[in-house]
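Each of the next two complexes has subunit A plus one other chain: subunit B in the first, subunit C in the second.
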Partner chain A sequence: MDYILEGLINGIVLLVSGDEETYSAISTTLKVSTMSIIASLIIGIPIGFVLGYFDFPGKRTLRTISDTLLAIPTVVVGLLVYAFISRRGPLGSLGLLFTLPGIAVGQTILALPIVVSLTAGAVEGLDRQLKLTLLTLGARGRQLAISSLWEGRYAVLLAAATAYGRVISEVGASMMLGGNIKWYTRTMTTAISLETAKGEFDMGIALGLVLMLLAFAVNAALSAFKKRAAQ
Partner chain B sequence: MGRFFKRTSLVLAFIAVFAACAAAETPVLRMATTTSTDNTGLLDYLAPLFKQDTGIELQWVAVGTGNALALGRNCDVDMLFVHDPESEEEYMKGGYGVDRKQVMYNDFVIIGPEDDPAGIKDKSVKEAMSAIASKKIPFTSRGDKSGTHMKELSLWKAAGVPVPEKEQWYIQTGQGMIQTINIAAEHSGYTLTDRGTFIKYEDNYKGNPPLVILVEGDEALLNQYSVIAVNPERCKEVHYDLATKFIEWVTSPRGQQLIADFKLLGKQLFFPNAK
Partner chain C sequence: MKVLYELSGIKHRYNGRLVLDIPRLVIEEGDIVGLIGPNGSGKSTLLRILAFLEAPSEGTLHFKGMPVGSEGEPPRRDATLLLQDSFLLKRSVFDNVIYGLKIRKEKSLRKKAFEALKMVGLPPEEFAHRPWYALSGGEAQRVALAARLVLRPKVLLLDEPTANVDEASAILIKEAVLRAVKEWKTTVVVATHDLLWLYEVAKSVLNLYQGRIAAQGTSNLISGPWRPLNDGLWERALPDGQGILAVSPPSETATAILDPSDIVIATSPPAKVSAQNILSGRVTQMLLDNSGERVAVAISLGGVSLRSTITPKAVKELSIQPGQRVWVLFKATALRWL
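Entry: the complex of A and B
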């Protein structure tokens, strides 16, 4: 039991004393998750909007695919992306394997279905009345679409926060695509996994605390957005 | 609100791009290596010194030797730092690598719980392996085609014991060396490890580890490390020039002296023997 308590104390000491290795993992996670969340929002919001706003043949199927992908295992994404970005793979010339953008590609694929499905659901769920009101107010085409998206902004933020929660906590894709390179692609989750396997708990506990804190912040944001979205 | 978000995301995107650019300025040598050079802290110790001497940043992915060779074959790294002479030779014959040089050696040891349920202490490697197998005492294997795993397979073979592939007491971890030692300790079992990683393990337990060295000093247990540059003719995008610099550096008198000076618990982990 002693070593757990000792680990907790040492973990807090690492955080307070600004241990370089610990903070390197934290900043790596923040960097890579920022890249992937921005990419997934830029790609995902328009797709989600189209899926939720317009009616066209095949729409149901696309929604089902996106919903199914919500549960895609991180290691499967890791495997697929690895195969593509390895130098032997079709995108090998980009040199993405074992880099932060490489991890970001995998995480974007993980986050994308969340953004698409939740955005589509939000846009779909907007009051039909709203569309009519906007129409009678003289809104047309693009204006109408943008106003609808604006009305659903909190739901979109909700999607972003949910996706962010998935991205910062995943370990499979980060490990496989980043290679857990110290100072460079070692994220909080891969560092925790490595440190635990090595039987060293201090840094793992320190990073675990930060991750929990982040998860808490994301959740607080989520419930705030949910409240706003419901109004 | 919308403009704010747009602006923030633009700023963040720029930061990401700048960070990427800043990283691209220093030349980066990417190496695939065995877990022992990483777990022991040897590369943590060498990398800053290498950068100081040459300005090149060394980044490494720590996997088993088998995986490292595969990364080299796929052109995903610039060079390899590995320890399985047999598969290295095969790799060289396949034309995947150039400039293979010996760097250092240490030796493998068989470790296990102090009460030694199979009674292998100070026996020969052959006797020890057959004793473990006949008594069915837990033995953890890397199971990942790493240099250590290949060595272990050859030891079973030399002892005339079929590889206990599906036996319940034979635990294939598929993980790094220090992880595998920890799993052996959880099972109060035996495992084969390089001495460097074991000293690091001892250090983690402040010199009082649950598993101790039981068999050592057998000629069959020699562990030779080599560096190989990935063949630039097969892999156009590898940084052959950087790999050459590292190979020259690590086999130079300075590099060799640094390896000899690397100690944990006052013990030398690796013995330089570049030719």
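Entry: the complex of A and C
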């Protein structure tokens, strides 16, 4: 038991003393997760809006596909993206393998179904009165679409927070696509995985604490957005 | 006055079911038209058609002399509808009020919004920055009305504007609507069950029943069941044991219209009159109408309410007042069948 307590104390010391290796993993995680969440929102919100707002043939099928992809295992995404961006793959010439953008591609694919499905659900769930209200106040065409999306903004933020939670906590895609290279592509989750395997608990616990803090912040944001979305 | 709306042969269906059937209706500019009738009588559907939110299944709708719907966008920005449930956008009160102005790219938003809020009795300094969820039902309805009034609409359509508000809000809504009519010559069409409120506002009233205009004015609707008596008379029993007599209803469940001006009020039991309906009741409400020439008197006959209209002079001569026992007289043939 002592080594756990010792690990916890040493972990806190690492954080307080500003240990470079620990902060490198934190900064890498924040960088790559920011990249992937921005990309998934830019791609996912318009797709989710179209899926939720309009009626067209095949809409149900697309929703089912998107909902199914919510549960896609991170290692499967890692494998697929790896196949595409490895030197032999069709996108090998881009040199993305073992880089931060490479990890971001995988994480974007993980986050995308969450953003698409939750945005579509949010738009579908908008009050029936909203469209009538906007029309009767004179909105038309694009104004109608933008105002509708704005009304669902808290639900879209909820989608973003949920997707962010998935991205920062995943380890499979980051490990396979980033290669866990120290000072470069080592994220918090891959570092914890490696350090634990080595029997070094200090940094693992330090990073675990930061991850827990992030998860707590994400959760707090989620419940705030949920409350606002329901009002 | 100029004709604003002209409806000809309008029929509207939902899933094949006919919900509105109006052979002809003309609404003039500056008019205040009241729509009354039971739930499902087509009031809200007619309002949505007048707001150009729905196109009628059949018939033609002219607005300012131009046919609507044949080509181009309907003139939706000329008419604005206040929905029954005061739906507000998830923004501050101020942002709700200026929404319509913003999308029209208008200027002086603050001045106009503050004016509109004052018009509905909400002090702007206190309310402008409140979020949408920090309002009472009456306040929310008045914010929704301010968001329409700020547009200085040519046509203001109101669906049950006083259904979920307190008495003070109902009075403020009435005053704001009348001011819009006076200042901007806004045409108002209002659907409501609040007949006394309507009586103070409307210049004309249409009584809708099963999608049709059953009568003009605040007619009484008397529904069945009717049971046959002797001499070709039928009776609709009232909860207090009295009965309304009518002649040959088309069915046992038929509904009859009784014009308020066909009802005579007496303060003592009359003897030797030709009218077959002599019923005792109690005055529940009295109200001077918009023109100041008629007084609407609501009389409760054991739970069923009838409205009669008499002149202010008659009110004085009879010296009737709410709570007083009176007798109402009308002929069995005065009931017309729908």
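Just so it is clear, the second predicted complex is superposed on the first by the 231 of 231 C-alpha atoms of A that agree within 3 Å, B and C clash if a C-alpha of one lies under 4 Å from a C-alpha of the other, contacts with A are read in each partner's own complex, and residues count from 1 in each chain.
Convention: a contact is a pair of C-beta atoms (placed from the backbone, for glycine too) under 8 Å apart; a residue touches a chain by one contact, two chains touch by 3 or more.
Just so you know, these numbers come straight off a predicted model, no measurement behind them.
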item: Clash-or-fit label for the pair subunit B, subunit C on subunit A; value: fit
item: First, second, both or neither for A:92, with subunit B first and subunit C second; value: first
item: Subunit B versus subunit C as contact partner of A:38, first or second or both or neither; value: first
item: Touched partner set for A:147, first subunit B, second subunit C, both or neither; value: second
item: Cα-centre angle that subunit B and subunit C span when viewed from subunit A, reported as a multiple of 10 degrees; value: 170
item: Subunit B versus subunit C as contact partner of A:135, first or second or both or neither; value: second
item: Subunit A: partner with more touched residues, subunit B or subunit C; value: B
item: Which superposed partner A:23 touches (first subunit B, second subunit C, both, neither); value: neither
item: Closest Cα approach, subunit C to subunit B, once both complexes are overlaid on chain A (Å); value: 11
item: Footprint overlap on subunit A, comparing subunit B with subunit C; value: 153
item: Touching residues (chain side subunit A, partner subunit C) in the complex; value: 127, 129-130, 132-133, 135-140, 143, 147, 151, 153-154, 228, 231
item: Contact set on subunit A toward subunit B in their complex; value: 31, 34-35, 38, 41, 86-88, 92-93, 95, 97-98, 100-101, 150, 153, 179-184, 197-200
item: Touching residues (chain side subunit B, partner subunit A) in the complex; value: 1-2, 9, 12-13, 15-16, 19-20, 30, 39, 44, 59-62, 74-77, 175-176, 178-179, 182, 204, 235, 237
item: For the subunit C and subunit A complex, residues of the former touching the latter; value: 48, 51, 53, 73, 76-77, 79-83, 85, 87, 89-90, 99-100, 103-104, 132-133, 147-148, 151
